[in-house]
Amino acid sequence: MINISFQSKRVANVSFDSGKDSNLLSFAQMRSLIKVANDLKSNNELSAVTLTGNIKKNFSFGFDLRDKELKKLNNSNQSVKRDYFLIGKEMCDAWESLPFLTICVINGWCVGGGLALAVSLDLRVASSSSKFYVPEIERGFNMSWGSIPRLNALVGPAKTKRLVLLAEQLNSFTAHSWGLIDYYFDSNALMESAMELCNKASKMPRLPFVLTKESINNHSNILNKIGSYADQDGFALAYSELENNLY
Amino acid sequence: MINISFQSKRVANVSFDSGKDSNLLSFAQMRSLIKVANDLKSNNELSAVTLTGNIKKNFSFGFDLRDKELKKLNNSNQSVKRDYFLIGKEMCDAWESLPFLTICVINGWCVGGGLALAVSLDLRVASSSSKFYVPEIERGFNMSWGSIPRLNALVGPAKTKRLVLLAEQLNSFTAHSWGLIDYYFDSNALMESAMELCNKASKMPRLPFVLTKESINNHSNILNKIGSYADQDGFALAYSELENNLY
Amino acid sequence: MINISFQSKRVANVSFDSGKDSNLLSFAQMRSLIKVANDLKSNNELSAVTLTGNIKKNFSFGFDLRDKELKKLNNSNQSVKRDYFLIGKEMCDAWESLPFLTICVINGWCVGGGLALAVSLDLRVASSSSKFYVPEIERGFNMSWGSIPRLNALVGPAKTKRLVLLAEQLNSFTAHSWGLIDYYFDSNALMESAMELCNKASKMPRLPFVLTKESINNHSNILNKIGSYADQDGFALAYSELENNLY
Amino acid sequence: MINISFQSKRVANVSFDSGKDSNLLSFAQMRSLIKVANDLKSNNELSAVTLTGNIKKNFSFGFDLRDKELKKLNNSNQSVKRDYFLIGKEMCDAWESLPFLTICVINGWCVGGGLALAVSLDLRVASSSSKFYVPEIERGFNMSWGSIPRLNALVGPAKTKRLVLLAEQLNSFTAHSWGLIDYYFDSNALMESAMELCNKASKMPRLPFVLTKESINNHSNILNKIGSYADQDGFALAYSELENNLY
Amino acid sequence: MINISFQSKRVANVSFDSGKDSNLLSFAQMRSLIKVANDLKSNNELSAVTLTGNIKKNFSFGFDLRDKELKKLNNSNQSVKRDYFLIGKEMCDAWESLPFLTICVINGWCVGGGLALAVSLDLRVASSSSKFYVPEIERGFNMSWGSIPRLNALVGPAKTKRLVLLAEQLNSFTAHSWGLIDYYFDSNALMESAMELCNKASKMPRLPFVLTKESINNHSNILNKIGSYADQDGFALAYSELENNLY
Amino acid sequence: MINISFQSKRVANVSFDSGKDSNLLSFAQMRSLIKVANDLKSNNELSAVTLTGNIKKNFSFGFDLRDKELKKLNNSNQSVKRDYFLIGKEMCDAWESLPFLTICVINGWCVGGGLALAVSLDLRVASSSSKFYVPEIERGFNMSWGSIPRLNALVGPAKTKRLVLLAEQLNSFTAHSWGLIDYYFDSNALMESAMELCNKASKMPRLPFVLTKESINNHSNILNKIGSYADQDGFALAYSELENNLY
């Protein structure tokens, strides 16, 4: 489900693909993405990593609400469920903490939990025809995984409200003007453009790069943990509601 | 002076109107706006509320420096004055803390304390011909009511300085490009457009909406209180200066 | 090396010029800039100060790595070096803490430590042909002097990464769209335009101006000190590496 | 249920008493305590207020888990329940925000939500035989109402863990040595001693008193809101667990 | 008025003495203390400095409300007064920011602004018969100079309230048990004991000492500036009240 | 080198022992302690874990400056060294983030890095004859691994300075009165007493326990990361100094 390819000792591409157009994030997929991040973290020759979803169709439609593991949880107690609901946050944290440049390469739809993952990376490069959408609240959930403070840092509180509270759908042009993504290109040029950024990063000396990335992340994230450590509890609460009514 | 009308059980419109084109905020008007906010807060069927000023002329020219209550204060001690100068902050805090979507609908001039109120709401929808202006410092005051950190969160420190320290006047186009407002429309379409946003919000389930609005507000406001709890003391100081010299 | 001229009792122009096109910042130059800031700070008639580099060529190419004082340090211990590496931070802090309006007037290249200084002032006015560039990491250093949190406050974490981690060069148009600079003008109109802003500031009453500038700075800087107090240690570490390998 | 008596224009005593030895806090009782706090807040002649529970028996055994209103909630959705679970936090916030000196006078047991209320006041004066106990976790709940950061500010993280995670019971001597309470007296002397503190406060000029109390509270509370705004969601989650298993 | 003596190249003693038993802090005295701190700061051979008041009588009774410079200010505008009221904060900040060990040696009374200065140093060594007292509020002022957050960090919010809001007088035993002072000795042994601490510090290598002192100060002070940058405005307000009524 | 024994499904004991009385922490030992923490973290039946050093002699004398891996590093570049110097921080973070109760059981000396590890756990239980000592600065290093903010949270800034800047040695009585340790017992009763605490924890329901521990940790740690993320750079700097002069 996850593919890692090295362009060189300094640059790697990671892709995750469920085999379906929606490229949903199951618990299994998320555990794999955590493991990949942890493995790459200890490779101190790496300078840059790209992350792609289903490059033919969509980055990801987000968390898989029909995941069989999730359904099995329905009879578990809240303590067990909560451990599961922390997996998404753990995945986003793992990717955020990588010491090299991380670029999310986005095509098609980037939805919900897919966007939560995307904003955990350093930069977001999208195709011109990408779409961004956070339907969580429409569906009865909060947007968790520590994504609220990350969105806030990128686009400010009013645009975060439009995106999350009102579920506004953005195209790449608007997402770029908001600062949600950093570049957009014709889909043909997408990977090549991302690789140029990686190549640029691969020429940077490691020590000051690592020092500086840590500093930027710490400054923009500092109150994230205290402010979102409980967001999975809101999620669990909303989920318990849906279990009782909807499934 | 204040009118509340319900479009449905889930959507309400609040307007305040002094009866004059300037639509200044007197202490009485501000107390009414606090009371309205507190009343609406406990209505847990509400999904969205708009706030308008004098819809024919101007949103508001801000705090009424000729308010008779203010003039009567001139013989009071600073402890009494300070209680009065806290009213504006209390009004902005009351509107900021509402659990449903709040949209400020702005036409004409949105000046000083009027803008302080506007940035306490979730979103700002303006007419194309609106103007934004903070003349406080020109007139000898600081911009208080907790508005500095709210402006900072929306437009960053440099643009906050242009707006507040240099009293730059902005039209809707510039205000939108800065992120001070979220949308602008022809004045004919203004209310209708705001209502569309409200209708969208009215379809959202309450639990995740409330959870998420709290989270966004907490992340963007967290240091506001410690950083602006004393701004009315600066105001009182400046006001004492004006009393002695100018009135 | 440093020239101060008063346009009036309320407005002054400060320029620093090494006599070379690169207008590098030597330790001596930086100590002079600290002294000038401290002297101006106690002048309570001042309303606005502009800071220019070599107005014919470039604002500055940043910290002078060939400064003879720096080379003499090579035999000193880290405690002595660290005192030197704190000078840049002290310079930026001194300019940031001035109570009146400070405008950085930028022409030509604004590079590395030059940009660190520029973002310590209130506003940045550039010529249309200016260029912005942070080559620190390419050269083996981190971007220190407390500049990371200041950049973060102006352009957010993703654009700070593009500027600092990837050393993207920006022209004035892009720098303006990012919020890194506030205005750009044809170079003929540059000083005149900056002076208009100064003249506007010179009409503002001092008490509320000072109160409000302090408030805006405190809100946007609050976590800067805790987050960057050690950045010169990263610099010293990187520098020790270069000493051993490259000089 | 709530009694307010004025010793003078400047000093008032508030007591709440359920009529039972346990003096549990029902929703109705908490709403009354909020109303009292809000009413007293606007009385700008007041200098000091004491709060007592059942002065013959116990301060309070905390939140009433057998409250009929709570039982009625069992069929409500989580959105409705959450509004109820916020009442305790609202009560603690209301008492914390009072501008005059607030003294909690404690006799007998001070348990769970009773202690959450007690630590929202400025000072805690107890009888020598008082006992302090947080059984929330033993009973399946988290300690919510914003009390964790308040305890942290008074006794630090390790002692907060002993009190809350391990449910250690403290007598007045230990509570005093920890800094959880400020004074303890023989129960005969309790009210008199508290009144001496009130009388001392009643001689203080209002303006600097209010300014300074705000400052101390802001410094010690600043990150409380972001860190505990979601604690009622944890509570709701734990409660849903208990509902399913225990009631 | 100020005496500096060097015990060795690494240890210096600073004493300030108005010539009167009260040893009040006049503006002139405070400017001298700022200058001394700034001069010592650049001496990178220093390891430790003690600060004493009138060693025969009292450390200091605090800010001199009868200072002639203060009285001259009565006709000045608030902008000028505010610059003066910032001097105490500047003094405390200057002493706090020194890179070597700073020990406040306290005998007799340590009152108001004298205590504000004392808590800006690293450690406080007192004689057994010292007394600590903050009468600011009794006299109509707030306790400013950034001292509230420093007291909060040492003794927590409840004890800060007892000290500042209720003007409790403490002897050395209580001050020590609270953590307000670090050691107390018989007055004969006072200076000798302080010098032992200095001698211990003088054996520490400078680089890690400086790094670590910065780190501890940053962690305990981080929100001080945002939370107390306006405390002189409260002071100015209270002072204006007193001017009108009492002088 | 590391032993894990389970008292029951809910309680485990971890001990690390180098085989020597000093029980120094080598890089290998620290990697083992990280692995153990990560393994235990995923065991959701655990309620409490004790950590002991060499139970016959000493908890630990801290980081092993004679570790062969460290000596091999002498020819490595700073980027490689920095990765190594992060291991101590990673170890402390791993133990701090465990969701169950963690008790450090201390006998004999608890020195430097040993104390850094000890303060990362929830509680510290020591034998009556234990000694606490931070000789880092005497030896030319800063106290890193994120320990400064953890010490600050437990004992405040002045006592942290006495412990770290002046290397004061504390016995258990003083360590307890400062709040550095939570209990002390005769060494015969040490493990038994620790196990009683574990047994108490083992009776607590997991959901509210985990929620609450997270909350307490987040409140007391929130600014730790931004304030200490660079402490290993100070360490690397100091170490480079020692390499050049002392080894």
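We just call them A, B, C, D, E and F in the order they show up, numbering each chain from 1.
Operating definition for what follows: contacts are C-beta pairs under 8 Å (C-beta built on N, C-alpha and C of every residue); 3 or more make two chains touch, one makes a residue touch a chain.
Quick caveat: nothing in here was measured; it's all calculated off a predicted structure.
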item	value
Labels of chains that are neighbours to subunit D and to subunit F	A, E
Degree value of the rotation bringing subunit D onto subunit E, based on Cα positions, nearest 5	120
Proportion of interface numbers common to subunit B and subunit E (over half same, under half different)	same
Furthest chain, CA centroid comparison against subunit D	C
Pair of chains joined by more contacts [C-beta pairs], A-D or B-D	B-D
Computed distance of Cα centres, subunit F from subunit E, in Å	35
Whole-Å separation of chain centres (CA-atom averages), subunit C against subunit E	33
Distance from the mean Cα position of subunit E to that of subunit A, given in whole angstrom	50
Contacts with 2+ other chains: residues of subunit E	77-79, 82, 205, 207, 211, 215, 218-219, 222-223, 226-227, 230-231, 233-234, 237-238, 241
Touch-based graph of the chains, sorted into line, ring, star, complete or other	other
Complete list of chain pairs which touch one another	A-B, A-C, A-D, A-F, B-C, B-D, B-E, C-E, C-F, D-E, D-F, E-F
Complex interface listing, subunit D residues touching subunit E	101, 122-124, 153-154, 179, 182, 197, 200-201, 203-205, 207-209, 211-213, 215-220, 222
Residues of subunit D defined as touching subunit F within the complex	136-138, 140-143, 148-149, 152, 156-162, 164-167, 223-224, 227-228, 231, 234, 237-238, 241
In the complex, subunit B residues that touch subunit E	77-79, 82, 223, 226-227, 230-231, 233-234, 236-238, 240-241
Complex contact set, residues of subunit E against subunit C	44, 77-80, 82-83, 205-207, 210-211, 214-215, 218-219, 222-223, 225-226, 229-230, 233
